[in-house]
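Take a look at the structures listed below.
Paired with chain B in one complex and with chain C in the other, chain A is shared by the two complexes that follow.
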Partner chain A sequence: MGSTSQPDTGRGALNTMDFSVIANNLSYFLLGAWPAGPLGGAALTLVLSLCSALASGVLGLVLGVALSMARGRTRRTLLLVLGFFRAIPALMLIFWTYFLLPIAFGLNVPGVGTVIVALSLIGGSYLAHSVYAGISSLPPGQWQASAALGLRPLQALRHVILPQALPIMLPSFLNQWIALIKDSSLAYVIGVGELSFVATQVSNREMVFPTEIFLFVALLYFVICSSLELGAGAIARRYGTAGKGT
Partner chain B sequence: MLDDLLAPKYIGWLIDGFLVTLALSALASAAATVLGLMLCLARLAPTRWLAWPALAWLSVFRNTPLLVQLFFWYFGLAALMPQGLLEWLNTPHYWHLVFFDVSWPPFEYVAGFVGLTLFTSAFIAEEFRAGVRGVPTTQTAAARALGLRPLQIWRHVVIPQAFRIALPPLLGQYMNAVKNSSLTMAIGLAELSYASRQVETETFKTFQAFGIATLLYIGTVALIELAGQWVQRRNPTLGAAR
Partner chain C sequence: MIQINDVSKWYGKTQVLANCTTRIGEGEVVVVCGPSGSGKSTLIKTVNGLEPFDQGSIIVDGTSVGAPDTDLPRLRARVGMVFQNFELFPHLTVRENLALAQVVVLGRRREEAYARGQEYLVRVGLGGFADRLPAQLSGGQQQRVAIARALCMDPICMLFDEPTSALDPEMVGEVLDVMVELATEGMTMVCVTHEMGFARKVADRVIFMDQGAILEDCASEAFFGNPSARPERARQFLARILSH
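Then we have the complex of A and B:
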């Protein structure tokens, strides 16, 4: 670090950092142009993540159950589709949905919807495997006992299997949702005004404080993600699945 | 026929981008493996003066988006650097070594490599840690009984076994590195996603541009997957004991 005796001629060390740029733009970082304009910034990141978390959870649950019940060709096709969404970079998928959704539905899909669809597909594909693993981790006697009680497969799933399997899966759901929050930053590439996009906007406008801006934005993400991670750890310990590597 | 698909010129752009993607993710994966191992050792160190900083480091890099990290290295670090260094980094440099010429890459390549390496290493460190946890404690005890010193135990007993356990998840992280390298397009690194976007804006052949790029990504990831399966078939002791 340089000495502080030098007058403020240039920025060359940490001691010349100036965080007033954060204070001046705080509401823009957190809320975007809202309430005068559309919601943006950290709030939009949360909305994006929450919607994709819900959609990917439902998708993962349905596909995971399908994976554990399907046999033969259906199962192979399903595995192939899931493999596709796990192998494609999230960025490429966002390009695809941005381009294909308007063609498929014949209407203008807003950027936010595009990102939610892309993130849910990827998150759902990862979660499907976690759900499948959770369901197959139960002893087969559970299925047999349910059948002996006269439950149909779907009833067995709803009343016997899932109530036991869901707590096992919960840590992987939380981990996937943390990944989703981080991936929501990719909305930047199609110009959705979430936290990362807003950060580059402010950085380009102010020109001189990129270090402070990106440190602050990283801190916001860090607080959101690490609190979820701590929650995931606590739940894993509570249900005693931490050592099993779900 | 090929012209219908995409003019050779644009195919060339995509191939150039693909080579950059391959080189970037291979270099970053290699560097991240070394760094990840060191981070894992620091994280498991008996002294908290190493273990706690390592824990903080890992959680910072795991819990912030790669995109923001890249922006930080590209824009943020540049603003912190002394003017002279930045100018040096931004101008091309060539060295003539005995057999080949070496050129210093543009700054976005440096920032992209640093960002991808640090991000990936944090995840690899955790895979290594899981691998070390999978080595039975009796192994360490037996090594101690044989008179090995702590460093020897790590070098000859724990790390080789931990590495075998960690290999499948490690390959998963290499696949992630290939996929994550696409984010470097945001700082202007001309890799595959960047090239596909460029071809798309130039030709309006969206299907072809994105399709070829997607196939190349999926092919690379599938190749790593197949390589992993092949190694595991030849060597069934690899991977976690289940």
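Then we have the complex of A and C:
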């Protein structure tokens, strides 16, 4: 009897898993209250990630270029600002923007905007250093040759330096963006209804299915992050041939 | 064409250029030689403002290089420069390497720039290489492309910074041939080089530098023909590089 009870318990544990809770709330997981209410769930996670990925990319590129061209006091100030945003936890920046700005300046910042701004500032600061490193990795002769042909610094950057440096930077961008997708779950602390938030809501309402719900949430994050990685890999392979000349 | 007046430069406390004065006339070919660390590369790079200098003045075709209101990129577009390490743009084909500055700086149409590029590629003997990437060329070929790239800008003079130093010996000749041809066509050229054969053949003048100073500036026949009249350092240098 003892010998048969072992596999029984195993099957029993699996049997108690009930994924109908996912099916019943699928639309809420994926879209939140939309279309009746505001967009939420996985879709909002995507929107948050996309907006902050874009903003952090632009910010990182601009600040990284500035870092590589600035000298003296401007450069030191820039390093200080970047250091600040890299040093504070994302959670704290979200709290500050959301709770302190209204108190200090009377500005009422919407939750979604807060999260996008916070993630973009932090991601942008990390990326600025990657961009700077990528630009610095090129031999100084490339700048000199560009200058000797009469190109102005921004022209050299656009036509000579960045086309060579960006492929080098791609892995850093990818890392940063994947970290950023996962950090978007921090939006949950200020009540933004993204994936983690709605998952917690459903879990609290249903009480007995946390395992099923958070397994599903993990799967969704995994799918989103992996698609980004696969997509970027495909792009890199397509444009990578030009970079092989280096 | 090029006037260098009493130019000095310091890296911190080390003086790398010491009161250099010379002038280079239109169509003149001048070879700058001297031991390594003598400041020859630094001097040639001050001519198009790639290296700033602390004292003196440099006038290129009427434009003062060191003046704060000088539009350096505009001046550089008119002064061709060839580097020791070629410095082709590795992400661009030979065709695009030649066309880039013509389009971006001179505002030429792309087809016009391609045509001009092809013309100079043929002249340096690489007419069939327009679609290659720099990494697919030998060092000598890359340097010839680099010369063609500079010529595409219709420069008023050409600066060569040790153009053959990074080349395997068997490729030195093909690059020098192109330079000799340019010289005989009347291009104004300043060449930092140790190729004394080239200097003897086409140079009008030889400038010898040591420790940042111009020790000798004379016609090349005098420099090679009458070594006993040269300064001690120049004699030693010549003896050392001509002994092999």
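By our rule, the second predicted complex is superposed on the first by the 205 of 246 C-alpha atoms of A that agree within 3 Å, B and C clash if a C-alpha of one lies under 4 Å from a C-alpha of the other, contacts with A are read in each partner's own complex, and residues count from 1 in each chain.
Methods note: contacts are C-beta pairs under 8 Å (C-beta built on N, C-alpha and C of every residue); 3 or more make two chains touch, one makes a residue touch a chain.
None of these values were measured; they are calculated from a predicted model.
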Quiz item: After lining up the shared chain so the two structures overlap, which partner does A:M92 touch, if you call chain B first and chain C second: first, second, both or neither?
Solution: first
Quiz item: For chain A, which side has the bigger count of touched residues, chain B or chain C?
Solution: B
Exercise. Once the structures are superposed on A, label A:S137 by its partner contacts, choosing first (chain B), second (chain C), both or neither.
Key: neither
Practice problem: Examine A:Q164 and indicate which partner it touches, taking first as chain B and second as chain C; both and neither are also allowed. | Solution: second
Exercise. Please write out, lowest number first, the residues of chain A touched by both chain B and chain C across the two complexes.
Key: 245
Exercise. Using the touch rule from the top, collect the residues of chain C that touch chain A in their complex.
Key: 48, 50, 72-74, 76-81, 83, 85, 87-91, 100-101, 104-106, 133-136, 149-150, 153
Exercise. Write out the stretch or stretches of chain A touching chain C in their complex.
Key: 139, 141-142, 144-145, 147-152, 155, 159-160, 163-164, 242-246
Self-check item: Contacting residues of chain B [partner chain A, same complex]
Solution: 59-60, 62-69, 71-72, 75-83, 130, 175, 178-180, 182-183, 185-186, 193, 196-197, 206, 210, 213-214, 217-218, 221-222, 240
Quiz prompt | Footprint of chain B on chain A - complex, ascending | solution = 10-14, 84, 87-92, 95-96, 99, 178, 181-186, 188-189, 196, 199-200, 203, 208-211, 213-215, 217-218, 221-222, 225-226, 229, 245
